[in-house]
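Here come two complexes built around chain A, the first alongside chain B, the second alongside chain C.
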Partner chain A sequence: MTRGDMRQRLVILVMVFTAALGMLAMLRGAPIPGTPVVYTADMTALLVTAGMLGMILLGAYALPKRLGVDPLLMTLTNFLCALGIFVQYSINPNGGLFHAALYAAGSVLTILMMIVIRRVKTFRDWWLWIALGAAALLIIPRFYTVNNAHAHIPIQRNGEGLITMTVQPSEAVKIVLIVMLADMLSGHGWKPDAVWAAVFAGMCVLLLIVEDDLGTCVLYVATALLMFFAATGSFSVLLTGVAGAGATAAVTYRFTGKLKTRVAQWLNPFMREQLDNGQIGLKGHQIAESLMALAAGGVHGLGYGIRDTFRYVPEYSNDFVFTVVCSQFGIVFALAVLAAYMVIIFRGMRVAERARRRFHALMAIGSTALLGVQTFVIIGGVINMFPLTGVTMPFVSQGGSSMLSCMALMGILHGVHACAEQDEREARALTDPDYGASRGVSSGREARA
Partner chain B sequence: MTKPIYDAMALTLSYLFMALGAGIALCGAAWARSERRSRRVASTAPGYGAVGYLRLSRGSGKRLAKREPYYVPIEGTVGSGRGCDVQLPSPEIPGRAARLTLTQAGMLLSPVGGGSVRVNGADYRASVLIDDDTMIEWGSLAFQLCLYDGAKDLAAARPVPPLGDGVAVYDEPPRRLFKLKRGSPVDTASDAADDYDHDESGDYDDIDESDDPGDYDDIDESDDPGDYDDIDESDDPGDYDGIDESDDYGDADDPDGFADTDAR
Partner chain C sequence: MRRMRRAAGFLSAMFAVMYLCLGVYFAYSVTVYSDRWFADPANPNILHTDGVIPGSVYDRNGIALARSVKTDDGGYTRVYADNTDVRRAVSQLLGDTRGQVANGVESFMAAYLLGYRAGLTTRLTQLFSGEPRRGDNIRLTIDAMLCVYAAKRFPSGKSGAVVVLNYKTGEILAMVSLPNYDPNSAKHAAGSYYNRATNVLYPPGSLFKLITYAAALKEIDGATARVFDCEGRYSVDNLTVVEARGAKHGKVTLAQALEQSCNVVFAQLALEMGYSAIERQARAFGFNDTVLFRDLVVKDSKYPTSSQTRDDLAQSAYGQGRVEATPLEMALVAATIANNGVMMEPKLLDRASPTETGGLPVGSSVYRKALDETRSMILKEAMLSAVRTGTASGAAIKGYQVAGKTGSAEVSSDKSVPTHAWFTGFIDDPSFPLAICVLVEGGGSGSSVAAPLARDILREAIRLSE
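Moving on, here comes the complex of A and B:
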């Protein structure tokens, strides 16, 4: 079977999945008031489905040809985004539409990011200003309190003064961290720049600890360590970083009540204790409810939009969206989603391996590592493998900042892929003039002729 | 639509979603795997990234492959460290020994970390411009650089660092160690330089035949890294059949002994 056949099969499977899910979303619609068992057809879901199908085709065939994006990464991203849109739609139609709008905006951001990566060779002249901007972005949320944390900036409130929309600047700084570290670690005289890279990463981590945004802090630390290891190839650097991160975590655990609570919930989620309202409840009721909803899904799930057993799980559209996926589609499908993430990660590493420039390779490694660690940490938290952290599941969870940052990360990977493809085409044109002529790629040999 | 009908439909489709999810994951993994395999095969071919290769010509190491070429990219680092583009795993070679940059004039070899590099028997602390057949030495190990024909043309299409004042240019005629005559008495590169006959006739009769590091008669053809006959044509992104044979990587009358191992 050739790659063309595999692309066709994958695209057909993703399109059938999206169309079937869209049809269910359309048929389910909304209950007619006064008639609890009759639903109206939802034409908005039909429009969203048509748009998604168009994007899948565009991402698999047109964009790779025109812009050089990686069709496999694009198709799998579209699969996860389609899943996210319809899962959010089943939870709340407005949330689903918002997720679809974010996906559209994120797709544009992917293309923009890709163009930037292809054009800009270094950001060395702007290091200071970028670092100051990142610090400012991480400090501003300290002055706001949203959900007992200081990680968000409220940008919209309803008539009663309740916060209805926020932005999370640390999601944007994720991209900055990857680009800056890649740039600083890719120079030939790497040692002084590596010190600046360590200073920048350390500053970001400390500001996140001050903000009490420990979930994002874990992502930053893991990504920075992996990038340092990739750049230096030194286990001593990695072990030093791990030791430093461990010491910081121990100090944070000692002085932060939130981390202690998370660890206690992780160790014994079903322990009963007296809650704030005086009643007796489960100590880790978030995780306990999540585990019960996971079990309720079984092998093949309860069906899309039939029974909302996940409604007892707090934050089911954000942190616990994997529980919703397991509940509605079953554990087999959830494992397939995990496999899709794994393929994206391996593909990202392959993009990094093929990159001809150190800057590009490090950016691809950083982007892949961040996506992989984020997926690993949140799913591990949901199934109680690790203490729960408040990060989102890439492409599926509700959250504008997260969705846009994940799409920007994909833009980096597509940009590096396109550069590597271009370099390989030029290299092949050197020894195969027919190839160069057919693809319009110039080589030194043709110039000499 | 009534709720029972919808429920029945959604429950039925849950099996379809299960199968579709598994199919998508398997298909994606198969796609990624097949592309990786075909690229791995093609990446060692000339013109697909590598501009040449280093081959161990003297000395030995536990992890050093004697006959496998170490492919050299258009720009990168060479050393024993994992982070190097050309990794030569030997304790005799520094972690990051030198930087290789292809220019139109040849390959620019720049020692890094304040070290020096020995090229054809002479030590260089600054950058040195080397060419095809140059011997690069670290300790008791000697590697021969082989650049593909036309590789330097690739440098025309990319910016290259200007050759500063500190750049030494190795401008001696190319030495023929074991390539011309099997059995060059290469105990050290400097000895070899003394043995080398610079006259135009290329008289190599003074070379001792007894110590023959270049005997490639026993090369196992099945291990040939350049044998692409087994590439699945349908999966092959690089059709190498179209290479112009007249402009090949070695002359028919060039007794370099590499004709059978060249990556064609």
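Moving on, here comes the complex of A and C:
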């Protein structure tokens, strides 16, 4: 089977999946057992499905040709986004539509990000200003309290003054972190830049500790560490970093209360405890509810749209969305979702390997590592493999900031991919004039090494 | 650049390993533990069953133990067996949906009863017909009439447990715990929510000698031929091992020591073998191990080795000190010996199906091999002669080969409280492969209380299965 055939099969598979979910979403009256069947024709769902199918085709065929995006990455991202949209739609139609709108905006952002990456060779002149901007973005949320933490800025409140929409600046700073570190670490042997990179990463992490956003903090530390490792290629850097992070975690565990409850809940999620209302209840409430809902799904799941198992899981549209996927689609499908993430990571690293410039390779590694770590951390937490750290599941979890930042990360990967392709074409055109002429590449330009 | 490419390749491999671990852990934990997660009494999906009609529970002969009946307001309510004796006899085994009894069938098998294990076709039909979800009906391996007999024959006013199982298939035929309660009445006796067969640990007393014996057969060369000397008492460090009723067994072989339940000989054996040898054999039988049976939750029986005094070691040989076991575990020990050393997984679920009578039986499966065949034959022979001529003679049934071991476990140091009466044994007959364990709390002597009780229950089990 050629690469083209494989791509075609994957695209067909993703389209069939999307169309099937779209149809079920359209008949949303049906899948609630115990209620009379109402076969509604939900036109919004129909529109979303049609749009999604168009986007899949666009991402797999037209965009790679016109803009040089990577079709495999595009198709898998579209698969995960379609899953996200329909899962959110089954939880709450408005949430699903919001997710779809974010996906559309995110797609535009992907292209914009790609163009920026293709144009800009370095941000050196603006380092100071970017760093100050990032610091400001991370400091602002400190003055607001949302969900007992200081990581969000409320931007919308309802009539009763309750916060209905927030922005999480640390999601945007993720992109800044990756681009800045890649830029600072891309020079050969000019040591002060690496020091600046460490200073910048350290500043971001410190501000996140002040924000009390543990989950994002873990992601920043892991991404920065893996980027330093990639830039130096030295395993001692990696090991020192891991040991340092472990020691910090151990000290935090020893001296603060926060990690202790998490670890206790992880070790024994079903432990009973006296609750505030005097009754005896589950201590690891979140994890326990997640595991019970996972178990309800079994191998093949309860079916798309069945809500009665996960309605007790806290944050089910957000951090615990993987539980919803499991309970609706079963563990076999959940493993397929894991595989999709894994292929994205492989592809991202492959993009990095093919890049011709250190700056590009480092950005690709950083973006891929961040996506990989984030998915690993949240899924592992939800299935209780290790203590839960609250981060979102890329492309599927509800949440605008997260969706947009993930799409921007994909934009970086596509940009690096397109540049590498162009560089390769130009290099071949130099050595082989016929190749260039046949592809319409101007062979006169100097190839960038 | 080359270094960075290498780093990217390494990171690919690292993420591959991480995600592989994630996938394997996920698949493994869900397959092994999901029933237990789902069955947690705090599961809101069990507590709030609106929109679902829970399935019925039947015993092996089709006696309805629990059903869902439509109420006037259109909802469904749970109705238990018509007969009071049946309701009481299976009360803890069946449990309830609110989790008052830990891990009863009603909560532990809720995934079936509430339709979460239904097949794809059933699921789809329900989805598109708009009918309320109907849970699977399940048929248990339990014989309700045997449970009723065991509960009635039990010494009145006493607490305890009876387990009867088929040692070839692992099917549990009776599991009774006393005191029990009537789910239809509001007044429930204190302690009646405990399933004493599975969820309470007792000192196993002399029953543990079976395990010490099995260990000795492996660890000590020529153990079968060796002659021991019992002078009625034996001093360790601060402990003096004595015999029941001041007996003095004189020169005995191991088989005779088991037959006469001689503490002195077993204490000597333990001191000779040491903790690790006995612990290894106990572990093979399921002690000190997290047992994960698919159909029931059993408390883990314990053979502690952390205290390394010689006194504790000597006592552990005859199941005193800090050794603890559930009646089900001791029934499994006898069943394993009866089944040539192969422990079958104890099971309660015969079949589950969306229809009233259909469904295929769930097969039996081997849980583990605890003993080799030669040693299990020697143990079987010793247990047979314990019933023929030894302490367990009260369990003999005319016309059948009954094997057994009695125990009278001390629960106080000064003998002010009567001992727990134990019996575990089996019928050595391929057409009636039944193993039993009986425990009467504070019942007195195993020989005079537990053995005759076991005999009567086994006789009834034979009568019912004929």
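We take it that the second predicted complex is superposed on the first by the 423 of 449 C-alpha atoms of A that agree within 3 Å, B and C clash if a C-alpha of one lies under 4 Å from a C-alpha of the other, contacts with A are read in each partner's own complex, and residues count from 1 in each chain.
Rule of thumb we're sticking to: a contact is a pair of C-beta atoms (placed from the backbone, for glycine too) under 8 Å apart; a residue touches a chain by one contact, two chains touch by 3 or more.
Since we're looking at a predicted model, the values are computed, not measured.
Trainee: Taking the superposition as given, does A:His300 touch the first partner, chain B, the second, chain C, both, or neither?
Mentor: Both partners, chain B and chain C.
Trainee: In the superposed arrangement, which partner chain does A:Phe79 touch: chain B (first), chain C (second), both, or neither?
Mentor: After superposition on chain A, A:Phe79 lies in contact with chain B alone.
Trainee: Touching A:Ala369, do we find chain B (first), chain C (second), both, or neither?
Mentor: Touch partner of A:Ala369: chain C, not chain B.
Trainee: Between chain C and chain B, which one touches more residues of chain A when both complexes sit on the common chain A?
Mentor: Of chain B and chain C, the partner in contact with more residues of chain A is B.
Trainee: If you stack the two complexes on chain A, which partner ends up touching A:Ala231: first (chain B), second (chain C), both, or neither?
Mentor: both
Trainee: Once the shared chain is lined up, is A:Met349 touching chain B (first), chain C (second), both, or neither of them?
Mentor: second
Trainee: For A:Leu413 in the superposed arrangement: first (chain B), second (chain C), both or neither?
Mentor: A:Leu413 contacts neither chain B nor chain C.
Trainee: Looking at the overlay, does A:Val337 come into contact with chain B only (first), chain C only (second), both, or neither?
Mentor: The answer is first: A:Val337 touches chain B but not chain C.
Trainee: Touch test for A:Gly380: chain B only (first), chain C only (second), both, or neither?
Mentor: In the superposed model, A:Gly380 contacts chain C only, not chain B.
Trainee: Touching A:Val16 in the superposition: chain B (first), chain C (second), both, neither?
Mentor: After superposition on chain A, A:Val16 lies in contact with chain B alone.
Trainee: Touching chain B in one complex and chain C in the other: list those residues of chain A.
Mentor: Shared contact residues on chain A (touching chain B in one complex, chain C in the other): 36-37, 230-233, 300, 302-303, 335, 339, 342, 346, 350, 356.
Trainee: Looking at the complex, which residues from chain A come into contact with chain B?
Mentor: Those residues of chain A that touch chain B are 1-3, 6-7, 9-10, 13-14, 16-17, 20-21, 24, 27-28, 36-39, 41, 72, 75-76, 79, 188, 230-234, 299-306, 328-330, 332-333, 335-337, 339-340, 342-343, 346-347, 350, 354, 356, 423-424, 426-435, 442-445, 447-448.
Trainee: Mind pulling up the chain C residues that touch chain A in the complex?
Mentor: Chain C residues touching chain A: 1, 3-9, 11-12, 15-16, 18-19, 21-23, 25-27, 29-30, 33-35, 37-38, 40, 42-45, 50-52, 111, 116-117, 120, 123-124, 126-133.
Trainee: Using the touch definition up top, name the residues of chain B that touch chain A in the complex.
Mentor: By the definition above, chain B touches chain A via 1-4, 6-7, 9-11, 13-18, 20-32, 34-36, 38-39, 46-49, 51, 73-75, 81-84, 95, 99, 112, 148, 150-157, 234-235, 238-240, 242-244.
Trainee: With touch defined as at the start, can you tell me which chain A residues reach chain C in the complex?
Mentor: By the definition above, chain A touches chain C via 30-31, 33-37, 226, 229-233, 270, 281-282, 288-289, 291-296, 298, 300, 302-303, 308-309, 312, 331, 334-335, 338-339, 341-342, 345-346, 349-350, 352-353, 356, 358, 361-362, 364-365, 368-369, 372, 376, 379-380, 383-385.
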